[in-house]
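In what follows, chain A forms one complex with chain B and a second complex with chain C.
For the complex of A and B:
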């Protein structure tokens, strides 16, 4: 039998290979040198991520396809890769806090984090469902373990178990959907699926499969009504892992969904607009109103991340290039502000022996710790969407795309929701600055790397809110690539 | 010959599956499950999917069953433990899902080859190891290599969760 080897273009997957190499190095090195400083391990992780980021920028001007159609490196994929790498970078930096420092010294933590990053990158730089599945599983398995990394804590184990069970459930939905799509068209590659569907009536199997794939990713992106696991998992998982999960997984889910609705199963087969609009309204409203009643800051941010998925769905429902570009822009800002907010929680996370997680425990910190409180206030303003932060501009682009596609009632509901969200974000700011603590609040000194993460996130959030030009131009190019 | 074998394996699969569900002793249930897996492997073989049938025996009848038996042994199950009665919601859900499954079966049976004809009609199915290997090392080379990273992640994760070296908490 003749073997025809596919065209192996390793240059297309350079970023993935660099991240994988760094991950394996991080897993192996501590076996030979037992007493490595965690700063050294973090330096390997950061160097790997930075090199991968550089490779991503290098590929920007030479997109391509390879490995017998299994790898699609268009600008859309590259934009998402850069986004993930930025998220991974910030996550490594905010791991330097007093709660996590005793966990991250073995190298496995960063190793698994980079493997999860690898999964994210594999998943988005392809249009083949088989590769999407493999990337998704690499990501999920790494995150199950990371969520339960604090093995001695019941809530961490609870988070890991809940995430595992519902994650497996979600994967089941996704696989069943892919199987139906394959049954309907005989194809697994998105463009081929579209061609096969256009050539002959695929019947009801194709829309059914597409909806099941949507449900699978709805679990991963925490869309209502598939969000039940989110608060418990976000609360129990280590804070840096929560930050990574809430940004990276959500971004990857939206990347695949954007490709699903615009390439694989176009609107002629299934009316995505109404389906996604209903999901968006549910997700925004439930997320915001549940966030109001939370007393735990991590749970509040979990529901807020659900609400933000709803805003992103508004632009996805619009289904145009402006919507995809807005999704990218918003996800970039969301990565910065959300990881920033979790970074502040990681810094202030412990007063003495108790974890500081209620709103009340943030009282009186505003003037004692001006920098970190200012950063938190900026992230909260940005999450609420108040100018001049990036959150405002991001929401503006999302809703503008939906207006362009004439989803006026949907945008009205979204704006009302954004107004509601101001309440609970401001509650934290009020507690920081305007309430007196019963006893003097102590936060301790922060690690320079954690401060670096907050500075990067802060600069990013303000910069993207003031000068969107260059980034938006790049994302506009990404949104039209390969669609 | 093939129809006889088909009915033999199909009958065996159905009968042992029924016995597995109805039997009270968990160990017998596990054994009937193994028989079901073997019968399914035979069916795969008849369909021309040799590799799948071997994998079915190795993975399902071998590895996964060992896991089942281990769990039964560790939990020291001898007799069936009855769930507390009166779980109306659950039995309601069960009936609904059983109805959905039944309707699906009827639809598929009624549609016959119309739904699935296209797949089996277009491409001659042959699941020999040779063909599979050729596919894995040509078209599917990239997913094949990525799958090794997936396995690596699983192994590393299992070691981290299972290792005794617990970080001190507070």
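For the complex of A and C:
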């Protein structure tokens, strides 16, 4: 009897391996050398991310699949990987602020961040539910710890506890859904599930399972009515962690959902359009109207992040390649502008005290700190979707995809929602420039790395709003790959 | 000897899952909520094993091992968070851990 060795294509997962190696290095090094500078630890993290990014670009021209169908590295996966790595890069940079100063000296903060990044990359570069589950949990467990990283503060621990309990609860739904899909088709790989479902009538188990998987990811992506944890967790978690969670987790959830609705369980089994459209309307409207009444800026951004998930759902409901490409484009801009905005919040933090969290505490900063205020204003304009920023163009592509799929009423509701959102974003800009401060505003000297993050985000937001060409072309290629 | 129909196993699993969900929604002690989540995951495990028997395939059983391992990791982090909360607040009652609202 002959045994054939399984085919192991390690080159396909080079980016993941690099990030994992950097994470392990960051976790182990401080055990041997206790007095490592935080700049040195950040340099390891940044080098790892940069190398992984280079490997991702290298793989762009040689996509493939391996590990007996467990790993699928198509351009869709690679585009998302590049997006996560950019988010991770910016998150490492904005960790250089006064509040985080006390604990980012320890390598495990960056180590856990890179492990979360590794989880994101594992989760998207596969069409097999077992690997999706493993990636999701690598990500989630690292994030539970990171959310509670300010362990002497009650609000941070409360965020960690809520995130953990609801995250694990959501995982339960996701897994039960996968179990039902497995029961209906006997398969765990998305393309096989589709074939099995098409071959024999799968009955009600398949749609039931697919809906449970949707619920599980609706928790992760903070879609209404599964969003209750979001504001509390985003407010309580350390600011860089919030920035990472709000962009990376959302992007990964949408990557899996896009694959679920277009590969595993196609529209013939479930009418995804109406289901997702209803979720989109709820998510946008609740997110925007709750954001209006907030007085805490971090909490406002949490509700705004719910609203943005709603806009993304509009394109997902469209269910076409244009929609997937628009989702990628919007997620890229969203990563830049949202981490940028959280970076400004982190910058303005004062040592020993909390960040500037109310709208009033931003009064009069506009002329005292021209660059940071300009950046914040640009991010707010972009989040509101005002040209010439990337936020406008991104929303335009999202809604155009839905128009092409003839979801006109949905697009009308989405545009009205975007108009409502202008109010609370502009409120912050008005406070920056047009209100006098009662006490002179004071912010510390910013770390050069944090300034670098804001410059990157600012350039990206403007660039993507003016010259979408190259990036959009790449994302169009990604959106059609493997679907 | 009569074999037990597979549907019975699925029914037990569904009931267990529902009890777990109800426990998460109704109980207010963080430890009990964590236990209810474990109940949900074990219901999933039972479902997977039953379907693996139905399809005469191993991948369903394989999935169960992964769920067990991951659930153990999750509980380790969960208990650490709960202990930290208890040290600061002296309670693990989720209704009393509510500084963040709005």
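Observations on the structure shown:
Methods note: the second predicted complex is superposed on the first by the 473 of 483 C-alpha atoms of A that agree within 3 Å, B and C clash if a C-alpha of one lies under 4 Å from a C-alpha of the other, contacts with A are read in each partner's own complex, and residues count from 1 in each chain.
Operating definition for what follows: contacts are C-beta pairs under 8 Å (C-beta built on N, C-alpha and C of every residue); 3 or more make two chains touch, one makes a residue touch a chain.
The shown structure was predicted, so the numbers you read here are calculated from the model rather than taken from an experiment.
When the two structures are aligned on the shared chain, A:450 is found in touch with neither chain B nor chain C.
In the superposition on chain A, contact of A:165 is made with chain C only, not with chain B. In the superposed model, A:141 makes contact with both chain B and chain C. By the touch criterion stated above, A:175 is placed in contact with chain C alone, chain B being left untouched.
After overlaying the two complexes on the shared chain, residue contacts for A:294 are found with chain C alone; chain B is out of touch. Within the superposed three-chain model, A:357 lies out of touch with both chain B and chain C [touch as defined at top]. Of the two partner chains placed around the shared chain by superposition, chain C is the only one that A:154 touches, whereas chain B remains out of contact. Of the two partner chains placed around the shared chain by superposition, chain B and chain C are both touched by A:186. Of the two partner chains, chain C is the only one touched by A:235; chain B is not. Comparing the two interfaces of chain A, the one with chain B and the one with chain C have residues 130, 134, 137, 141, 144-145, 148, 151-152, 183, 186 in common.
The touching residues of chain B, when paired with chain A in their complex, are 115-116, 118-119, 122-123, 130-131, 134, 137-143, 146-147, 149-150, 152-154, 156-157, 160-161, 165-170.
Every residue of chain A that touches chain B in the complex is listed here, in rising order: 1, 3-6, 8, 20, 27, 67-68, 70-71, 102-103, 106, 108, 111-112, 115, 118-119, 122, 128, 130-131, 134-135, 137-138, 141-142, 144-145, 148-153, 183, 186, 203, 205, 353. Put simply, chain A touches chain C in their complex at residues 130, 133-134, 137, 140-141, 144-145, 148, 151-152, 154-155, 157-161, 164-165, 168-169, 171-172, 175-176, 178-180, 182-183, 186, 188, 231-232, 235-236, 293-296, 299.
Interface residues of chain C, counted against chain A in their complex, comprise 10, 17, 20-21, 24, 30, 33-34, 37, 40-41, 43-44, 47-48, 50-51, 54-55, 57, 59-60, 62-63, 66-67, 70, 73-74, 77-78, 81-82, 84-85, 88-89, 94, 97-102.
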